[in-house]
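In what comes next, chain A is part of two complexes: it sits with chain B in the first one and with chain C in the second one.
What follows is the complex of A and B.
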C-alpha cells in the first residue's frame, strides 16, 4: 500500500493542479494577513473560505484523480497486490497531497507573520486540522461516487451535487426548519443536525474556539455548553473521524466487489 | 495447473459465461478461442481476480483464486488493450512495476529484443499503437513467471515484430512455461498452441488438440475448421 501511496502522491505533487491549489492558499492568506493586519481576524476570514473551498476541491480532485488513473488502476489490479491496498493507497495519495497544499499554503505566510510568537497558534492549528479532515472526508466521498459510477459525467454531476448539498442546501433546509418550528424547543435538534454535516461541524468547532460564540446568542450558549467542553470537542472530532472512516469503509467494500 | 470449475458470470441480465469447465495443463500452450463477445477476456479477468465470477471456482496450482492475491506472483499477464497512464515515460512505468512487484526481472533483455531502447524517454501517450504493445509485452513478460497469459498479443504488431514474438514464445515453451493465449489471428494460434478451447454461448464448445479439431470438423485447414465450428454444432 505504501508504494501505491508513494506513486499517487508524487504523481499528484508533480501535477500542475497541486501547485495552483497551493499557490492560491499562499496568495489568499498573504493578502488577508496584509489587509487584516491581525492573525485572529485572518483566521476567521480564512475559515469561511476554507470551509467551502476545501470540500469543493476535495470532491472534484478526488473524482478527477480516480477517473484519470483508471488505466493505471487496471494495470495494478493484474499485479500481485491486494485490491484494498491499491485503492487505499490512491485515496491517501490524493488526501495527503491536498492536505499538504493547504497546510503549506496557509502555514508559510502565517509562520512568516509570527504565528509562533502569538497566542492564536492553537486556533490556527484547529483551522488546519479542520482543513485536513475536510480534505480526507471529501476525497473519500468522491472516491465512493467515482467507484459507483462508470460514467464520468454522472460521477462529476453527483460529486458537485454532494458538495452543493452539504455546503449550501443543507444549511438552507436547516434554517427553514428552524424558522418553521421556532415555537418548539430546538436545541437538541440543532445540535444533532450540526453533527450530521461535516462542513457545519467544522465551522462551529472553529467559531467556538475563537470565542466569538457570544455573537450567536442563546444558541451560541448551548453550543458552547456542548462543544466547549472536553466531551463536546471529543465528540465532534470523533464525528469528523467517523465521516472519514465510514466512506472509507464503503469505498473498500465496493472496490472489493467491483468488476474491472 | 489451472482448473476452471463451473464458472458462471453475468453482467446484469447479460449472461456471458454459463458454466465453464476447463483444465489448463502445465507446460502446454492453450489457446482460448471464440467469436467476439464470447467472454474470453472476461474468463481471463476472472482468473486474475479483476472480475468476480457469479458462481464457480478457479484453482491455480493448489490455491483458490477467490479472495486471494498472492497467486498472481506467478502469473505474467498481457492485457488486451494497453491502457497506460499517458503522462509518464516508458522507463518510468517499467521501473514502477518492477518496484511494485519486487521480483527478479529481465527487462533490459526484453527492451533490447523489442528494440525499445530509443523510446525509453518517450511519454506513453506519444507512442504508436505498435510500440505501446511492445511496452505492454516487456511489462508483462519481464518477470519470467512460469505461467503466462496473453490476451490478443498480436494486436498492432508489424510482421517483423510478430515473428519476434513468435520466436520468443517458442523459447518460452521450450523453457517449460504454461501459456494461455487468446487471439483472432488463426495462423498465429495454429503455429503456437498445443491445445484449443473454443468458447461459444458461455460454455466450452470444443476442447482438444488442433488435430482433434481438424478430424472432428473434417476440415484440413485450421481456419476453416474454426469457421466450421462456428457454423455447425459438433459438440
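What follows is the complex of A and C.
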C-alpha cells in the first residue's frame, strides 16, 4: 500500500494542478495578509474561502484522478496486490497531496508574517486542521462516487451535486426548517443539524474560536457551551473522523466486490 | 487724599478679612492636628485644610455647613478601612482636591461612597484618586459643581457587589470632565438630573455601562471615550440629550452595545465614532433623534432598531465594513436613511453628482431572517446566505421595500 501511496503522491505532487492549487492558496493568503494587516480578519476571510473551495476542489480532484488513473488501476489489479491497498493508497495519495497544498499554501505566508509570535496561532491551527479534514472527507466521497459510476459525465455530475448539496442546499433546507418551526425551541435541533454536515461543522468550529462569535448571541452561547467542553470537542472531532472513516469503509467494501 | 484714605482703609479691611481664612495643616504626627475630622471641626468657613503626606485611617469625616477647602500633598491617603463613607459633605462653596481615598466598605444595603455630597452648591472635586471604591462620588441634590481630573477604580466582581464611580442623583448644572473611571459597575450614572455636561472622560472596563442616564433631560456629553464596557452608554427615559464627538469602541460581548437608547426622544447624535462594538447603536423606542456624521466601523451590527422608533433621521454617516449595517423590525415609521455612505454599496454614479443612481438597501435578507428566527444566525458566513443576500438585493421580496437610501453617497463623508 505504501508503495502505491508513494507513487500516487509523487505523481500528484509533480502534476500541474497541485502547483496551481498550492500557488492559489499561497497568493490568496499573502495578498490577504498584505491588504488586511490583521491575522484575525484574514483568518475569517480564509475561512470563507476554505469551507467553499476545499470541498469543491477535493471532490472534483478526487473524481478526476480516479478516472484519469483508471487504466493504471486496472493494470495494478492484474498484479498480486490487495485491492484494499490499491484504493487506499490512491486515496491517501490524493488526500495528502491536497492537504499538503493547503497546508503549505496557507502556512508559508502566515509563518513569514509572524504567526508563531501572535496569539491567533491556535485559531490558525484549527483552520488548518479543518482544511485537512475537509480534503480527506471530500476526496473519500469523490472516490465513492467515481467507483460507483463508470460513466465519467455522470460521475462528475454527482460529485458537483454532492458538493452543492453540502455547501448550499443543506443550509437552505436547514434555514427553511428553522423558519418553519420557529415557534418551537430550536437550540438542540440547530446543534444536531450542524453536526450532520461537515462543512457547517467546520464553519462553526472556527467561528466559535474567533471574536465574531459574539455576534451569534445566545444561540452561540449554547454552541460554545457544547463545543467548549471536552466532550464537545471530542464529539465534533469524532464526527469529522466518522465522515472520513465511513466513506472509506464503503469505498473499500465496493472496491472489493466490484467487477472491473 | 480722601480717596486714597478710602482705598487704604478698604484694602486693610479686605486683607484683614482675608487673613482670617487660615490654612490648617494636618499631618500624621508632630502637628496641631493629626486627624482630618478634628481639623474640620476646628476650622471656620473659608479656611483651608492642608493634609500632609501620610496615611489617615479615618471614616465618615463630616463637613457640616462649612465652606472649606481640603487639599492634600502628594502621598496623602485616607484609608477608610472598609468602615462606611469617606468624606460626607453638606455645604456650599467648598472644594476637595489632590487626595487619595481607598477601601470603601462594600454593602448590599447602603450606598457607601468615598465622597458623599448632599445638598451642595458651588463645589469642586479635583485631582482625587479613589482606589477600591464601592461608590466613588455620590452626589445628591446638588448644583453648580465641577468634578474634574479624578481617577476612580473599583475591584467589584459582580454588578450587585459594586457601585458607580460617579453617581449623580437629582443634581443640576454640574460639569464632569477629564475623569478616568474603570472597573466599576457604571462609570458615570445620572438620575433625575438636568443641564449637566460630561466631557473628555475616559470610561473603560466597567461591568455595566460607561455612562448611564435615567430620567434625565437636557444633558450633553462630548469628547468622551467608552471602551470595553458591557455597554458604552445607556440613555434611558430621557429627553433632549446631546451626544457628540464621543468614541465608543471595543464594547464587545454577546450582550454588548456601544450606545443603547431606550425610550428617549429629541436627541442629537453627531460626530461620534463607533468602532468594534458587537452592536454600535441599539435604538428601542427612540423618537425624533438626528444622527449625522457618525462613523460606524467594523461593528457586528452598526445600528439595530428594535421597535417603536419614529421619525429618526440618519444622514451623512459612514457605515464602514460592518457585518450588518442595519437590523430593523417593524414598519418604516417615518425613519429615514438617505444620504449616507455605505462601504457595501456597489452602485454607480453616471451623472457624477456624488450620489449613487441605484438606491441602497441597508437591511440584508439575512439580518431580516435573524430578526425573525434568532437561531438562524448559526448560518453566518455560509455560502447559501451570500447567495440569498445577493438575490434579495437584486429583487427584494422580504426586506422592507421602502427602507432604502435613495441617495447613497459615493465617497466617505469627511467631518
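Keep in mind that, in the parts below, the second predicted complex is superposed on the first by the 259 of 260 C-alpha atoms of A that agree within 3 Å, B and C clash if a C-alpha of one lies under 4 Å from a C-alpha of the other, contacts with A are read in each partner's own complex, and residues count from 1 in each chain.
Quick note on the criterion: a residue touches a chain if its C-beta (ideal position, glycine included) is under 8 Å from a C-beta of that chain, and two chains touch if they have at least 3 such contacts.
Just so we're clear, the structure is a prediction, and the values are computed from it rather than from any experiment.
Look at A:48: by the touch rule set out above, it reaches chain C but stays clear of chain B. Of the two partners chain B and chain C, more chain A residues are in touch with C. Legend: residue contacts after superposition of the two complexes on their common chain; A:75 is shown touching chain B, with no touch to chain C. In the superposition on chain A, contact is made by A:83 with chain B only, not with chain C.
By the touch criterion defined above, A:257 lies against chain B but remains apart from chain C after alignment on the C-alpha atoms of chain A. When the two structures are aligned on the shared chain, A:92 is found in touch with neither chain B nor chain C.
Overlaid on A, the two complexes show chain B and chain C touching no common residue of chain A. The touching residues of chain A, counted against chain C in their complex, run 44, 47-48, 51-52, 167-169, 171-172, 174-175, 178-179, 182, 186-187, 190, 194, 200, 203-204, 207, 211-212, 214-221, 223.
Chain B makes touch with chain A in their complex at residues 11, 45, 48-52, 69-73, 75, 77, 79, 83-85, 88, 96-97, 99-101, 139.
Every residue of chain C that touches chain A in the complex is listed here, in rising order: 252-256, 278, 300-301, 323, 369, 372-385, 387-388.
Touching chain B in their complex are the following residues of chain A: 3-4, 7, 11, 68-72, 74-83, 257, 259-260.
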